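Below, each structure is written out as structure tokens.
Okay, so chain A shows up in both of these, paired with chain B first and chain C after.
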Partner chain A sequence: MNKIRIGYSEMTAVLVILIGMKAFIGYPRMITEHGATAGWLLPIASGALALGLWLIIARLLERFPGKPLTAITELLLGPGLGIAVNLIMFCYFLVTTGLLLRIFSESVILSLLPETPLSAIAVFYLFGAWYALYYGVEALARSSYIALVYIGIGLVTSLAALFPYYDFRMIFPVMGFGFGSFLKSSVFEISSFGEVIALAYLVSYFSSSDRAKIKKIGVWSMGVVILLFTSMVTVYLMVLPYPTSTETFVPIYQLYRSIFLGHYVQRVEAVFVIFAAFTAIMRIAIGLFVTLQILKDTLKIPYYRPLLGLFSLLLFTIAFTPQNIVETVKLESLFSMYYGGAITFGLPLLLCAIAFLGGKGEKAK
Partner chain B sequence: MKQKIVFLMLLAAALVFLTACWSSHETDELGYIILLGIDKGERNIVNVTFQLAIPQPIEGGDAEKASEVISVEAPSLFAALELADSFISKHLTFIHNKAIIVSEEIAQEGLDRYINPLVRSREVRRTNFLMVTQGKASELIQANKTLVFERYPSRQIDIFMAASRTTGLLPHADIHRFYEGLNSPGSQPIAALIGMEKKSPEKEKEDELKQQEQNSKEKVEQGLAYLPGEIPRKGGNEIEIIGLAAFREDKLIGYLNGKETRFYQLLTGNFVRGSITFPDPDPKEAGSNIIVAEIIQGRKPEVTIDLRQQKMKIRLFLEGEILSIQSGENYEQGRLRRQLEDYVSRTISREATRLIRKTQEEFRADIFGFGENTRTDFLTWQDWIEYDWLSKYPQFEVSVETEFHVRRTGMMMRTAPSEQKEG
Partner chain C sequence: MANFWEKLEEKLFNFKNARYQEKFILEPGNEDKTEDKGEGKAEDKGEAKGQAKGEGEEKALDKAKDADQDKGREQEKDQAGDKDKEQNQAAAGEKEDKERDADQDKNKLKKPRKPLPLHKQKEKRSGKPEDLYVSMDLETNREYLNKIYALSKNKDMIIRDFYIATKPPLKAFLIFIDGLTDKNIINNDILKSLMVLIDEGEIVEERGRLAEYVMEHLLPGHDVALLDQYRSILDLVNYGNTAIFIEGCDKSLVIETKGWDRRGVGIPQTEEVIFGPHEAFNETLRSNTGLIRKALRNEKLITEIQKIGSRTNVDVAIMYIDDLANPKLVEEVKHRIASIKTDYIGVAGILEQFIEDAPFKLAPQVLTTERPDRVVSFLVEGHVAIIVDGSAQALIVPVTMFSLLHSPEDYYLRVPYGNFLRVLRVLALFITLLTPGLYVSVVNFHQEMIPTELLLAIAAAHVIVPFPTIFELFVMEFAFELIREAGVRVPGVIGNTIGIVGALILGQAAAQAGIISPILIIVVAITGLASFAIPNYSISFGLRFIRFVFTILAAFFGFFGISGGLFLFLVTMVSMKSFGVPFLAPVGPPVKTEPDVVLRGPVWSMEKRVDYLTPLDEIRQPKISRGWIKNTRGGKQQ
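On to the complex of A and B.
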């Protein structure tokens, strides 16, 4: 059992950054690719679906009080299959974090440091994440909590500053590619909220009084992320309407660059890029932490710190596996925002089915 | 202690990256492009003109020496940039570019191929103003080197373009809006119009003759109907920014003069304020007296489109302040105020309708973006695309209604009748 405890608000902040960071990279572009003008409604529909699935998964956690999902998986599937399923989840977090590392690094090249080698930027991000994790997850959670306030202020300010470009007509026709396509996209897009499952692996970091609140943390963090995604996509569509919305590599950066409030308030993106870079470091650190936590619990390793160097190297390798940025973005979009739900929600739901139908679990008895 | 050492070591390592040494440039290494001009080339595909800032103290000095204009012919915009590096001891950068000026010839051929690299560029912002000149962009930029009121054209262009909010004689046209107009199935793009003062004696004679032929009422009505280079004036800057260039897809198809641009601004809801001169509402006074009112667009226009009957109704909501009543009639109050409001409303509706018809018949292009209002009539994107608004736009029957209310009357409550009139 861990002695480190993370509070309710801190954990909500960690999850908001873990799930919501997509809004700062490809999410608005990808969602308008799938939903066209209905892109702004997709986060609400898919978010509501994901929320429903989370409530089911939370019931599974309630059946096994104090046990992380790694332990529940092994209990329900047996050690062999349990470890295999846990490793699938581990691989999911590892690969998505690796791809994000590449995308964040490429974004810095695109926006700030065009002549800097990609590897140098990636190493900088990894050092930041490594350092944050070396200091401990408690520090990471508190930093997330503090950072979230500034990220929120920065985001609201930047979106409001784009007001002269708002055109509310651009969020219509309301059904985009049609109801069938909307429904299909809503189901697939639940993947964008898949990281909420990380909460189920971090049970041991809650005090016994806070454990009951796990469900609530998931609901709150997803609620905040739904709001974030919806407002971001709505503004994005109003400023850069479909189909040009599908062209941009880093939508938020393009929005920042469009801020023009007269001669003295323009070219302000540098201010916001600092927030984005800082949040990116946090996101990589949290992603790496969840990855290591799953591995630690699966292989029953007492500490994760000795693995930090090794896994930073692994992340670096994964980041540089795709040939180019287009391939990376495509992979990341498909993996974490479209099909990833099959892993993040699919596997836990399978466990739910086994537990509920088989009447397993401490509370069930 | 150990942790502190690790922390310090990591901090020291981070410093290496934080200096951004790979992407660093000394400020005196860079040549900041502030205006970009694109013409057709004679020896190569394009002739690209750059106006570069020569950084120096703001106070004092000659404006002409504050910038340098160079032109280079190349197969593309970026090739021109590279070529310029071989005869300029600066690395040229677009990061401070303010406006892009394209020649009429280029605009008529199609702007898409020139806009595309600008939109893709990490240096050029979409907030760069986009302008078309009837002559050569290179000559215009060269002529604009002798600035009168500013030292740098970037500031000059910013102030000029802000006039879209204070006079409405030019649109706020930037790359962003052009590109969105180009890609939207519900509107067509526009650009601002820029030109040089024409100083030929023939032109002066022509203007004089034209003015002699017009009576006072026509002069008032046509008061702002100028394209760049046509404003009868002496002094000031070499350039004039007035009117707009209309495009069908990416090709230039015509111009709107200053007066028409105001109505364009009113119809798109982008008119903020501006004073408009009307002939006196009393037909007996119309030939000799005028009324000047500052018009403010109270709220965005209401556009109702009946797709089945192909009818379009636009309602404009305007407020105003009386600036001048030459006839001395008491238009501030009572029946006369209502008469003035009706008169202004009718005049604006008539002119706005005339402008829409021009875009329907002459341009066959919805530069106002009325089609964007039809988005709510469709449930899906495909249905909207299939309706093909842009091809149907010229067939729509249009009516414009204006609601104008006098809100303020300047520093005077009423116009007292003069003794002569009383007698």
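On to the complex of A and C.
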């Protein structure tokens, strides 16, 4: 039995960073590509859909109290198929974290350190993630909880500092490419919230009293992320209107660069990038942790620490597999923010169907 | 050969015993009565002695010795956890009562216990003469002490022979360490009382209880212990007490005569305040515990004493409030201290290193303070204080990062002023940590952040400097650390002079010589000033070290390096624990707390104690603590 416990607020913070980190990279650009001027509404619509799906998945977890999704999968699909499905989920988190590592590293090169070798940046990120996980998930969760407040302050300040450039006309027409397109994009965009499924794999870190709150943690974290995405995309659209908004690689950096509050407060993007880089290290650490946790539970390994070095190397390899930055961004956008929902929501929903229709589950009995 | 020595010692004993019998007036039949009584005793010792008649004296005596030693071992066991002098006295008192009960004929002189030959004792016990028991024979005791203290070489050990002016006079000697004892007490209260002030006709009637008689009737000392084991006697003599050995007594009287030169209560050196008490601890344990008791007049304040250091045998006081501190915490502290096996712990700093959770982490996990008022404020929160004899600092456990950044003055000042100081200190923390790193980052990587005029000024100042910024910075930081270290080591006035000479002349000369840019001197000076604003000396050290890490990271990766450094710093801090309490509590993990983390609320609003200590009494004051307020709303505000 796992003796490490993560509290309610800490787990919420972990999930907010795990899901919400997209706001610091390509999410605003991608969402305006698909929704145009309706981009600011898409996070609300897709978030609401994702929230609904999470509530269904949470019911599955309630049927198997105290069991992580890895165990539930094996119970419902049998050991062979169960392990295969779990490994698919493991691969999803591994690949997305690897691709994010590349994107974060490229972002640092583009915004802060143009002459630093890419590999040095990636190694620095990985070292941070390794260090945090070496001290354990408890330390990582607490760090996330403490850091989230400062990240939030930094984000709100930067968005507020752009107020002189707000042009409210740029978020209209509300439906962008039209209602049909809006609906289609809303469905696909649920993938952006797919990481909420990580919560189902971390059940063993909850105390018995907190287990009942898993659903609530998912709802709260997704609510915060919806707010974050919406405000970020809205400001982005108001400052860099469509179609200009589709041309930036790191939208938030472009926003930071636009801040000008007099002679002494200008070009402060480097300061705000501190918050972004901080969050990025945390995101990679959390991603790596979820990956290792799924593998640990699937292969029934007692500890994940021995795997840390190996999987850090694997992440590094995955990060450098795409030929260039454009290919990486394209892959990550499609994988994580567009079609990834098929894995993150699709597979658990399949399990829900089997459990509900077959009347399986401890609580059901 | 061994048999020869055994026989010789046996003969020597018989001879001494014969002399002893001659010296003391024995009523006919007393010896027999004693022997008869010995047969009737249910105790091991009595039984063994009783059997002596049937089995031959030598064999029986051996058994009696074994019984003595078993008894001794039992006593050792009893006393292992608690060697406090007062408890020794209590134990001696209990033993005395037992003996008194068992011995129905008090006025009869007991048969002298045969001192065991030294080589036999060594074999049977640990091999140290310190583990022996006091003999009835004065010369044997002198011989033991001579061996233990190496009196021929040890010139500050004083043995003074004298006769107690009773009828008949009792031969005795006392032993003490010169320099540790108060000679006035020895001369006036011990020697004068026993040799001069006694009524010459004083007849010791309770001849079997000579030592008890002397203690009860003749010695006026306030703190007298009756001990029969050398180990206990030596512990007290080594700590400034005086031991009296009397002919015919198998116990020693140990009198409190501590009186070494000591420093008085001074003013704090590193935790000065403007408002609040100006008392600081000194190097005497009792003085320090007294200062705390003076401020915390509560019968539930417990002071437990443990001895640590096999050679130094230093007393360590563990202080806590019995009905407040979490018993598990108290047990943990006691366990950690009791488990230390080392020969030397002289000061609090060394003990701190033995009991802290993570010795290689840069932040301290124990709070060190020289202020009694600060110790009291922590004790009433439910913390435990540890004071090492000979150390002018107390250790407080457990501790959090936030309590290390608080100063006692924060609480003594009004809320707005106290909070102003706290905000200033938080800023100082970040300035100390990050300023050199930020400067290196901006100059090397992020020039676009600097307004053009300032950038030109920096560039102009730097153009004559032949070194890279990071090199300049390290040179100046190194020089600053040198000045600081030299200022501490060099005595008083010269130390200040070195600081001024170092800071002003060296800096200006370096700038004029074109080795260092003037802006960098400002950066280093501000950083140094900020580090002095950190109230805890220990964490200030840690921050100085971490600053170098940030500077190196900034030199390689600019702001990105600082960002990564902050992440590593946060993870490290959050993973630390102090006696089971997370170092960043109550923020990480989040626990319920009163408004006293970074900023503080009014004193009357802090109604509960900190949650992470799980104190036995959570409530500090009622919701309406200001009874004079009318129309209260939850006690907060009118």
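Note that in this section the second predicted complex is superposed on the first by the 365 of 365 C-alpha atoms of A that agree within 3 Å, B and C clash if a C-alpha of one lies under 4 Å from a C-alpha of the other, contacts with A are read in each partner's own complex, and residues count from 1 in each chain.
Heads up, the rule we're going with is that contacts are C-beta pairs under 8 Å (C-beta built on N, C-alpha and C of every residue); 3 or more make two chains touch, one makes a residue touch a chain.
If you're wondering where the values come from, they're calculated on a predicted model, not measured in any experiment.
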Touching partner for A:Leu110 - first (chain B), second (chain C), both, neither: first
Which of chain B and chain C A:Pro243 touches, first, second, both or neither: first
First, second, both or neither for A:Gly7, with chain B first and chain C second: second
Partner chain(s) touched by A:Asp167 [first = chain B, second = chain C, both, neither]: first
Contacts of A:Met282 with chain B and chain C, given as first, second, both or neither: second
Touching partner for A:Tyr145 - first (chain B), second (chain C), both, neither: second
Which of chain B and chain C A:Arg267 touches, first, second, both or neither: both
Touched partner set for A:Phe124, first chain B, second chain C, both or neither: both
Common interface positions of chain A, toward chain B and toward chain C: 112-113, 116, 121, 124, 127-128, 131, 263, 266-267
In the complex with chain A, residue positions of chain C that touch it: 441, 445-446, 448-449, 451, 557-564, 566-568, 570-572, 574-575, 582, 584, 587-590
Of all residues in chain A, those that touch chain B in their complex: 36-37, 110-117, 120-121, 123-124, 127-128, 131, 134, 165, 167, 169-170, 172-178, 240-244, 254, 257-260, 262-263, 266-267
Chain B residues touching chain A - in the complex, by the definition given at the top: 6-7, 10, 13-14, 17, 20, 22-23, 122, 125-127, 155, 158-159, 162, 174, 176, 179-180, 183-184, 186, 372-373, 375-376, 378-384
Chain A to chain C touching residues, read off their complex: 7, 9-10, 108, 112-113, 116, 121, 124-125, 127-128, 131-132, 135-136, 138-140, 142-143, 145-147, 263-264, 266-268, 270-271, 273-275, 277-278, 281-282
